[in-house]
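Worksheet: one structure, shown below.
Labels run A, B, C and D following the written order; every chain starts at residue 1.
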Amino acid sequence: MKTKENPMTDTPSSVEKPTDPAIESGLERLTPDRIQQVIQDVLKKETGPRFKAYVETCMHCGLCAEACPYFLSNDRDPQFMPAAKVKNTIWEMLKKNGNVSKDFLRRAVRISHLECNVCKRCSMYCPFGIDIAYMMLLVRRICHKLEITPQYIQDTVNSHSVTLNQMWVKDDEWIDTLQWQEEDARDEFEDLEIPLDKMGADIMYSVIAPEPKFQAGLIYQAATMMHAAGINWTMPSTPGWDNSNMAMYTGDNEISGRIARAFFETAAKLRVKRIVMGECGHAFRSVYDMGNRWNSWVMPPFEVVHALAFYHELLTEGRITIKEKYKKKVTLHDPCNVSRGRGLHDKAREVVNMVCEDFVDMVPNREHNYCCGAGGGVINCGPPYKGERMVNNRVKAEQLAATGAEVLIAPCHNCHSGLEDIVHHYDLKMEIKFLGDLIYETMDKKIYTPGA
Amino acid sequence: MNSFIAFIMGPMVWISVIIFLGGLTFKLVGILGAVRQKEPYIYSYMTLKHSLRSIGAWMIPFFPRSARMSPIYYGISYLFHILLFLVPLFLASHIVLINEAFQISWPALNDSVADGLTAGVIAALIFFVVRRFRVPEVNYLTSAMDYILILVVLLPFLTGFLAYHQWVAYQWITVIHILSGELMLIIIPFSRFSHMLNAPLTRAYMGSEFGQVRQAKDW
Amino acid sequence: MKYSNRFILFLAVLFVAVMTGFYCYAGQDLERLDPWAFESPRRPGAVFSHDDHIFLADDDCSVCHHVYEDGELVSDESSDDLYCSDCHSLKPAPDNPMPLEAAYHNLCRDCHFDRGEGPVLCGECHVKE
Amino acid sequence: MSEKTSWDWETELKEIPFNEWKTHFNWVQAPQVSQNGESIAAVVNLDEMVFSVCVNGQVWEEEYEKIWSLTSVSDSGFAAFVARDEEWTLSVNGQEWTHWCDFIWQMMKSLDGQFLGAAFQTDSEYGVIVNDTPWEDRYENLTGAVMAADGTSAAVVQVVPMPGADVEAFKKGVFSVACNGVPEDRRFLNIWDISFDTAGRQMGYGVRTDRESYGIVQNDTLWKNRFESVWKPEFLDENSLLAPVRINGKWQLYKNDAPFWQNKYDQLWHLTLSPDGKDVAAIVSAPYGRWRVAVNDTVWHVAWDTMISDIYFSQDGSSLAAVYKHKDVWDLAVNQTPWQMAADMVFVPCLSQDGSVVAVVIQKKGQYQLVVNKKTMASGFSFMADPVISADGSKVLLKGIENGIYKRRIIRV
């Protein structure tokens, strides 16, 4: 395991750091006055006793280090530990009253956007429960206001601001895709419908923009399940269908709130009772935890049911039955935003065991699972950073390899994409699937009749 | 000299206790008020049940995974924090003074036990210092203030230890002992020692967010 | 390493403090009170010279050997024919609010504070044997 | 709606067997009911990739590959987007428009049913079409199309090409508002929520001028003040534009670039004007997470913890109804009085002209009910369309399906 060919021995220095045109041109435009003014504004106006308590309370004990996959993957390099990321960004900004250099900011952008998945694992390792992810998001907020956010993720935020979806999917493309999936799915169920804008349906099904853009088959699968389970459901034809939210991750809270508002008001307009969403983690966080709060909704105004919980419901209620269990040895990745973010890990295991014959757990797991390394907007910073993402998540590769599973279930889009990169890079010979893929594959394709 | 000693054993004790308790109270009121004013949403997510659940979970020795992953540091820290309160409060000499002042008393530790525990506190502090040097990630975070804070705790315990044994300039050591004890009390509200107040609050908030909103564990 | 100087300084201070302690330590035979009335005294008897104190009190025994009746000090009466423990029981009792230990401490220390001289700290009287 | 007087308010019950349709067709999609309740329609499948619309048992003559967005228009008619040979148009009561395009969506209709509009795309160029007349200019991107009562249409359009992921180009502003297809000069990073005044002559909308500055445009003029965010503006009259704006984390109502309401709220949206223009209402959060209705900057004394979804004035402005959710159940409140229905869903209420009668459809345990002034008038329906109250306020028109049969019932209040 020590040869140059072995990717397990990559170190950060062996990966070239790309220059990001958006960061560079943003820095170019900045003046010391502007930097100081923005930082002071954010710290003064947008933080309060919570931030103060975090800064005053940290005893520099270093226990958070053990929590961070970046630290563990980079041979325990201290600068990757959570508290060090705070020290090298917001503490310094606070100490210098915002009077920081452009080189400092260049580093701060990287630390906050590329060396932290805001997965909150570290706040479970800090004895005081200090929310370091919150502070990294605060740094991102400052970067947003200074207009030095990395290019690709900024572009997705731009897309959000214009189209209310993440991928510049135009209104007609969205509807057209749904109709196309509906048409295809009629090969399996001839009267299958993807009901658009159906007032008073029980459930609004929502997805993230990459589904219509690249993975329309997932909508097909979901429609098949809804139809087979006899659900009274609908999908919106109007903006508000996308539950993803990258603005939440760049600190563009205003756009983030606008996205979450559109999402819930679409559900309100359609008079649905619940919202079910596909297998995405950050989208769940956006509507369950963050976007709703900006809008003054303490908790989401509609029950938001993540796919994991929904599958659990369909299977335990017998609305969907498994014809023949999946044979291959599978393992399950717990996405931060639905396990640490919503405690769905036990339900996920129950579903996996209902669907698969041979399940092996990763270690550590549940709330303590290692992050995929892609979430928190990191993968959305784009291809230029893929190389370092691979290095920064070696520990995940080791964890995966140790399971000996053939199939890796990743019930979150970001995790899915990130783990796909990991599996290829470390040559792990694992297939990656959504849980929905497996249910679709193993389910009995007949229509549920109540009482039968 | 006697009038100076009378001052540090009399009014100065009052002053430092008042600053300590008053400072913490003032701080607590300040935090709660500032939350109400600037981040009122925080109260929407706090529940007593989940606050206590989280604080409780973190009080059980070696229960959080974080504790199990650093057992030595965690174990020493844990004992250190207990002794930090236990030794001074149950020290016979302190109880005698309190008894004479307020006519209240409680059982005291055996002197040699107390002596051993004091040595334990000192050893723990030395361990903390060594850890700050030896463990790279801790060293990376360490600033001069971290050593100053250790010194502030070390001083009363070390001088107490020396005073008990009467090895050195007894009078001076005892005067330093009294003063450094008072100093520690006084700076608690104004330094990161205020984690004795803040930590339960941050823990309670995180515990509530995890327990109430996210329905997950935070240990 | 950035912090090594500070560390060495820290150890040096510690070392000097401890060594000074040993250096200064010297045993002496001292005239002491006999703590026989205490069941299991935690400290050695206090260093005390009766002759010196008689002199300092201008032969007025009642300065220390006082008499209280109904909580009031009876002036011009002396109790020099009694042991302290004859009145001051070990624990507070209805007829004695002042336990023996506190009686000693208050009597000695308060006087030393009032006069501005004499030992006031624990170890100044309870000198290790 | 003056037409309401011409409707049949006398016949107490008219029935159309709806479930029976399922035996004639492969499958029948969700029904739509005309405004006057005389007809019920649904998209029906005739064969593989063959669809039509069935109205009161009669199928439109034309058949299509796809049909969607079936909507009631005017008193008794229906319109839908229809596709043949992969080309789309809008069909009104079975009559296709002459213009066909690559895709069509977002049905817009004027209250009187005189104008029908939609957004369309042909050869990846976008525009708006109103009453079969498409915009002359087309754009590479189009969002947020709106149509005024007089058929004037507007939308946010992209007027400068922008390569993929070009954040620098985006910063310069590539979007503008096109009214009847003609773009305005000024470009912005973002434009949202175009509002017309009642006459359809003036436009107001929210914009973002740089990454963190938001503004309001009123008749081509950008307000001088910049805000942290803005929500949809509304015209109070042709010279006054109101907009909720965010300042220092709180929302306030501005009029013509100056504070209009003095109070600041944790949220302030769904600006709703009484038809006589005298009262301004909005949904507000005060304090955080407590939802209330504010009328002329005075909040209702009742507050709810989950959501207020929409609010409605009666024609004379005397009554205001709010649909809200509190502790997991939906309810309606009229003039601060909750009806306490504990419903699974509350649909859009109908208020009589003088505000004395309020009728609303609710859902409870999967069944639809009609509730008028807190009293349940009908229940056990499997479907109900929103009710209508007669012009004199004495009768309520119920439109719903009970035991598979569509029923048009007149209920006396």
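Odds and ends about this structure:
The rule is simple: a contact is a pair of C-beta atoms (placed from the backbone, for glycine too) under 8 Å apart; a residue touches a chain by one contact, two chains touch by 3 or more.
As the structure is a prediction and not an experimental result, all values here were calculated from the model.
Seen from the Cα centre of chain C, the chain whose own Cα centre is farthest off is D. Taking B-C and A-B together, the chain pair joined by more C-beta contacts is A-B. Mean C-alpha position of chain C lies 90 Å from that of chain D. Separation between the centroids of chain A and chain C, computed from CA atoms only, is 70 Å. Between the CA-based centres of chain B and chain C the separation comes to 31 Å, rounded to the whole angstrom. Our note on geometry: chain A versus chain B, Cα centroid distance of 39 Å, whole angstroms. Within chain B, the positions touching two or more other chains are listed as 41, 44, 139, 142. Among all residues of chain D, those that touch two or more other chains are 288-289.
Shared contact sites, meaning residues of chain A that touch two or more other chains, fall at 298-299.
A complete list of chain pairs in contact reads A-B, A-D, B-C, B-D.
Against chain D, in their complex, chain A makes its touches with residues 21-22, 25, 45-46, 144-145, 147, 151-152, 154-155, 158, 161-163, 170-172, 175-176, 179, 183, 186, 190-191, 193, 195-200, 237-239, 252, 254, 257-258, 261, 264-265, 268-269, 271, 273, 295-299, 301, 382.
Chain A makes touch with chain B in their complex at residues 48-50, 52-54, 56-63, 65-67, 71, 76, 78-79, 81, 83-84, 87, 123-131, 288-289, 293, 298-299, 339-343, 345, 364, 367-368. Looking at the complex, you find that chain D touches chain B at residues 287-289. Every residue of chain C that touches chain B in the complex is listed here, in rising order: 1, 3-4, 6-7, 10, 14, 17-18, 20-22, 24-25, 42, 92, 101-102, 105-106, 112-113, 115-118, 120-124, 127-128. Contact residues of chain B toward chain A in the complex are 30-31, 34-35, 37-39, 41-42, 44-45, 54, 58, 64-67, 69-70, 73-74, 77, 135-143, 146, 192, 194-195, 198-199, 201-203, 205-207, 209-210, 213-219.
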